[in-house]
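In what follows, structures are represented as structure tokens.
Both complexes shown next keep chain A, but they swap its partner, so chain B is in the first and chain C is in the second.
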Partner chain A sequence: MDRKKKLRIRLAWYLLLTAGLLIIMLFGEQLSPHDPYENNLLKIDQPPGAEYWFGTDQLGRCLFSRILTGARSSLSATFAVVLVTAVLGTAAGVIAGYYGGPVDRLIQKLLLIIQSFPGQVMAIAVAGVLGAGVKNAAIALVSIGWIPYARMSRSMVLKIKESNYIKAARLCGCNSGYIILRHVIPNIGSVLFVTAMLALPGTMMEISSLSFLGLSAKLPTPEWGYMMNEGRKVLMTAPWQTLIPGGAILISVIILNRLGDSVQEYLEYRTGSI
Partner chain B sequence: MKKRILTMLLASVLSASLLAGCGGFKESAANTEKGTEETSESTQADAGEKHLNMAYHSEIKNLDPAASSWETKRIGVGENLFRINDDLQLEPWLADSYEQVDDLTWKITLKDGIKFSNGKELTGEAAKACLDRTCEKNQRAVTMLNIASIEAEGQTLTITTNDVNAALLNNLADLVGTILDVDTLEGENAIPVGTGPFVIASMEEGKMELVANKDYWDGVPKLDSVTIKYILDGNAQAMALDNGEIDLAFQLPTENIIQFMDSDKITVTSNTGSRSQILYFDYTNEFLADHSVREAISSAIDREAFANVINKGNSEAATAIFPVSFSYGKVPGVSYDVEHAKKLLADAGYKDNDGDGVLDKNGKALSFNLYTYGEHGTLLATFAEAIQASLKEIGIAINIETNDYDAHTNILKAGGFDLALNSYIMAPVADPQYFCDIMLRTGADYNYGKYSDEKVDELIAQLDKEFDAVKREELAKEIQAVEVEDCGFFTLGHLKYQIAANNKVSGYSTQATEAYILTKDTDIAAE
Partner chain C sequence: MKRKMQKLVAQLAGILIVLLGVTLLSFSLMYIAPGDPARTILQAGGTMPSEEAVQEKRKEMGLDRPFLEQYGSWLWSFVHGDLGVSMIDGRNVSDEVTKALGKSAVLAVTSLAAGVAAALPLGVMSAARKEKMFDRITCFFVFIRLCMPSFLVGIGFLYLFAYRLKLISISGSGGASALILPAATLATGICARMIRQIRTLIYEEIKHPYVDGLRSRGIRETQILFVHILRNAMLPIITMIALSFGELLGGTAITEIIFSWPGIGRLVMTAIEEHDYTIIQGFVVVIALIFFVIYGLTELSYSLFDPRVKKQKESSRNG
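For the complex of A and B:
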């Protein structure tokens, strides 16, 4: 009881922090004290201070406002990528595992082909071919990100496919679609959910590194990774322009990481205690 | 649990390395330490030798003047018949004397007794072979030299041009006139041999080694050897210079130059240069073909602020085309006036009908692509963003596309790009004809925007034929005045040309043509 409570409190705490991130993501632009797009050439490279909390960049734009506004592209891309990869990967894995035969072999081959490329390199290549833009970077990450879900769900489906309750359902005349949705997915759902939660911080890092390379941000839309790249030029004279977006990425990644851990531990404990 | 801690650790290490690009920072710091060790070792090995380490901001792969390579001249390997001296006047170099026979014919006599560093004699025939080869392969050479034929006899070259080319001798000082031993230019891994004070000993991945040409015709070079290291990143160059891994760097980004301004061990020399930031208007775009749109764009960009604030005084705001510090540069241009720009667009019928902040006409939004590339201290990328913000003020939407230089050039060549921001050296041979010929003339090689004005063409034709220096300047001014009237191009400003070098180094060229760096007088003091 005590441990469960502790886990619950921790989970609640990180859910709260994640909610904070979501609020910044959704309303960041409205919360900005200054126009994040407005150049003010009289106030370029200002260090953090009372008027500009995080200082200004090389074109005199308020960094605090840009961080808040940039949260939308950085974070929403992260959540979208994880959601889409999880859904696509699971669908592919379940279909492969449940139906087997040629469908399974086809999907397996596809998995092997994509897996034989180094992930980040493949993402850079795909993003490079598609051109700059958050959407394209997300597509690039989805194209490699669905693999683990597909493998995992396939192996789990293979296992439960032979279990008695599936056989019973089939004997009762349930069709495959119903069995998958009603019996298969709920049984593998929690594991995949935890996997998705744990994938959040990594995806965030990948999005940020793609945009650091100039592959995801579409100027002048602020994006944390690209802001770091812009600040890199003045690293010696105005280090805050790199450190602050870097800090934003760091904090978000830590929050998402701890959230993933808490969810996993909580679910493990709960299933363990049932 | 262990795994979770590991993931957590990994994530924070990764993000920490993302943070501040610290990963790269530490790594290069470690590399440079290693580098210093290596250098000190090699200095020990060759005790008493004078060795210079120099940074180059790009990988030198091709040294062929037929492929428009600047490098052999900069590093003191190749030389020309003529050169530009530090007063920006033309003087004979490999040539001894010259004589104009008639409007189309020039007789140039080479100095006696000059040898390529491989021992071959520099004869009229050798010079002809190199010039012929470059003219055959390089469009820039064809445009600039416009040579019909070259006759060689002993040490004498007789050059006949197709049309009157008043700037021929100046243009022979351009990279396309570099004289190298033609037999050393062909082949995949060719290492060219020239007549200069230095000889290329080896070209490797990441660096090039030079040794002194002991038989140099103009005296013994002061340095014994030079290592040219390719360091592509401005910050990395600055760090290498700061910790002594390199002794000399040029074309450093503004931010890194500022870093060394107050240093007591690094000297920064700064010269007004002609390296411009210039905006192309694509005349095939229906909106940009409209004079009022071009004038509005020109009026909406505050060149003074770009040069003095964004680039922190490291460039000079332009008025017309050429640098304001040039004798033919002070031509009045379009002045910065946002209200005027707005009025121009309103008068021309551009209105924001759909209320999205972008003007439109006939149902089409006033929205352009702006192509640029990320080189030269990435200044262009910063300027592109500033242009985007400036034009937003007057209701023009800009979509920035940044590519690398080759891809960028291909897009420009293909046409239909709307706007493009480029950086060119406008006066590499200290003469206005070069830029007029390659850029402003109808159908010129670099006139990607397809600007065309009869008056300009006529004036350039006159300039090509005019031998009188004063009249040439007048013509250059007139050409610019017409171009300003047309708003054919928009020059934002000209970057200062800076070399940052260790105080021990002396005798390098800081000439703003950017054509020369290492000379026979370049020297490094002992520790």
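For the complex of A and C:
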């Protein structure tokens, strides 16, 4: 089997698994066998069994249903944060690189300032001050996450700015907005796309860390990181309440990680180099 | 010479601007909080405060003054090593932060040392046996660890070693045994990241012709790997270590909470719960400054040790 076919099959396989994640994210609540919010004090802390596949939690809620329902807040926040950071960061980088001068210097300084804060410190501080909530956790992650996209797109724009096709477009009287959208973005898009794909697993881990700290999802919405935090108190007697959400996070991160790698390898192979 | 001086002045001015920005950003954290901080603090007690009480608290916190004036006086005392007092119980913020920072530093240094000590041989061996069994097994574990957020690893370790195998008691208050699990949690993370990078570095280094030269002179393979090749790859590894240390100081929060380690992360999480903004500000600004210094020093050492970097930078700036 040639390498291209191998890469293609692998990519398809991980795309399929990611599609599975997306289906759970979108329809998890409908797929749940039990009501994920329903307390049942007669059936608290039941170990995994035939009726409750993953057991129940301290309030007797079905853990399997809560995992399925919790996929929505855990995963959708991940995708949203990556999308917003990629768009914002690219916009900042392209503007800095294309226009140069004082705008560039301003954005560069801003990059240096925010870069001085280690990611987790900034995320915890911003999310903590803003108060618990998925939106605030997302804002915290976006506020630091745009940096790499801005740096990358800036340096790439600097490289292609002096190329002949940009000069030609300018000579033809195209305005800057048109040149950026039609000539600059398509040329740097694939690298940034790969960067975004590779950022997915890390973002997922950061979001679940924040919610583990109680800084993201609000009760009673199930969220995997927060479920682990709740289950932690009974780790000794009912370990499944912590270990199963942990497994859900681990599996999703592995799938997203492998997806990013296979996308990168496939595109690298197809274009020669990226 | 004159140009050099000008450049130095410009660089210093740049650093100053960044430092001002860092402190300004840390200070303004309190202002992105929804609602009035004074009211939030008073409400945290559980009762609805009267309008007079809120006004008084605002005055006490200095919130009635213009923003820049507040920032200026905060910065002035910060430069003098004073970060103000806690809004909740009046503890001295600088003392609290320094004390907790010391605890976190112990954790960070221990886990960094353990992580690096394990990563160096594993990474080098992995590169030497690329695609062989040893490499595959190492890479598998590295991959799994990199897919696990630290709270997952921490809880896993807690469950496995403290509850299941009962190897470590977690009831203890501090001491060396309390350090083992949190340090192991962080060390595995550093180790995994470093193995990956060391493996790539060493693999690139092995390809150089001087390695063949050493081999043909009959020098033992282990000596080639761990003395000659490792030495040539040391510079990026040192940078990695320095940056990991900075990251660790701020990134231990979750691990500290799981294992009740009284470090900087736990301090700030408690402060967040209590809306103790002065402590949050103090924590952020101190960590940011440490990180800034480490970052600057590593870049500096890079161009000091390897003159090629300096040239590259200059040419990329012109180009």
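Quick note on the criterion: the second predicted complex is superposed on the first by the 271 of 274 C-alpha atoms of A that agree within 3 Å, B and C clash if a C-alpha of one lies under 4 Å from a C-alpha of the other, contacts with A are read in each partner's own complex, and residues count from 1 in each chain.
Keep in mind that, in the parts below, contacts are C-beta pairs under 8 Å (C-beta built on N, C-alpha and C of every residue); 3 or more make two chains touch, one makes a residue touch a chain.
Bear in mind the structure is a predicted one, so any value in this text is a computation, not a measurement.
Asker: Answer with first, second, both or neither: which of chain B and chain C does A:157 touch in the superposed model?
Answerer: Neither partner.
Asker: With the two structures laid over each other on chain A, which partner does A:198 touch: chain B (first), chain C (second), both, or neither?
Answerer: A:198: touches chain B, not chain C.
Asker: With the two structures laid over each other on chain A, which partner does A:38 touch: chain B (first), chain C (second), both, or neither?
Answerer: first
Asker: Once chain A of both complexes is superposed, is A:239 in touch with chain B (first), chain C (second), both, or neither?
Answerer: It touches chain B and chain C both.
Asker: Between chain B and chain C, whom does A:77 touch in the aligned arrangement: first, second, both, or neither?
Answerer: The answer is neither, since A:77 touches no partner chain.
Asker: Look at A:112 in the shared chain and tell me whether it touches chain B only, chain C only, both, or neither; answer first, second, both or neither.
Answerer: second
Asker: Would you check which partner chain A:121 touches, where first means chain B only, second means chain C only, and both and neither mean what they say?
Answerer: The answer is second: A:121 touches chain C but not chain B.
Asker: Pick one for A:129: touches chain B only (first), chain C only (second), both, or neither.
Answerer: Only chain C; A:129 stays clear of chain B.
Asker: Applying the document's definition of touch, where does A:137 land relative to chain B and chain C: first, second, both, or neither?
Answerer: It touches nothing on chain B or chain C.
Asker: Which parts of chain A are in contact with chain B and also with chain C?
Answerer: Residues 201, 205, 208-209, 212, 225, 228, 232, 235-236, 239, 242-243, 246, 249-250, 253-254, 257 of chain A touch both chain B and chain C.
Asker: Taking the complex as given, what residues does chain B use to touch chain A?
Answerer: Touch list, chain B to chain A: 4, 7-8, 11-12, 14-16, 18-21, 25, 234-235, 238, 253, 255-256, 258-259, 302, 305, 309-310, 374, 377-378, 382, 384-386, 388-390, 392, 399-402.
Asker: Can you name the residues of chain C that touch chain A in the complex?
Answerer: Counting only chain C, the residues touching chain A are 14, 17-18, 21-22, 25, 29-30, 32-34, 143-144, 146-152, 155-156, 158-159, 163, 246-247, 249-251, 253-254, 257-258, 265, 268-269, 271-272, 277, 280, 283-284, 287-289, 291-292, 295.
Asker: Can you name the residues of chain A that touch chain B in the complex?
Answerer: For this pair, the touching residues of chain A are 37-39, 41-42, 44, 58-59, 132, 198, 201-202, 205, 208-209, 212, 214, 218-220, 225, 228, 232-237, 239, 242-243, 246-247, 249-250, 253-254, 257-258, 261, 264.
Asker: List the residues on chain A that touch chain C in their complex, please.
Answerer: Its residues touching chain C are 109-110, 112-122, 124-126, 128-131, 201, 205-206, 208-209, 212-213, 215, 225, 228, 232, 235-236, 239, 242-243, 246, 249-250, 253-254, 257.
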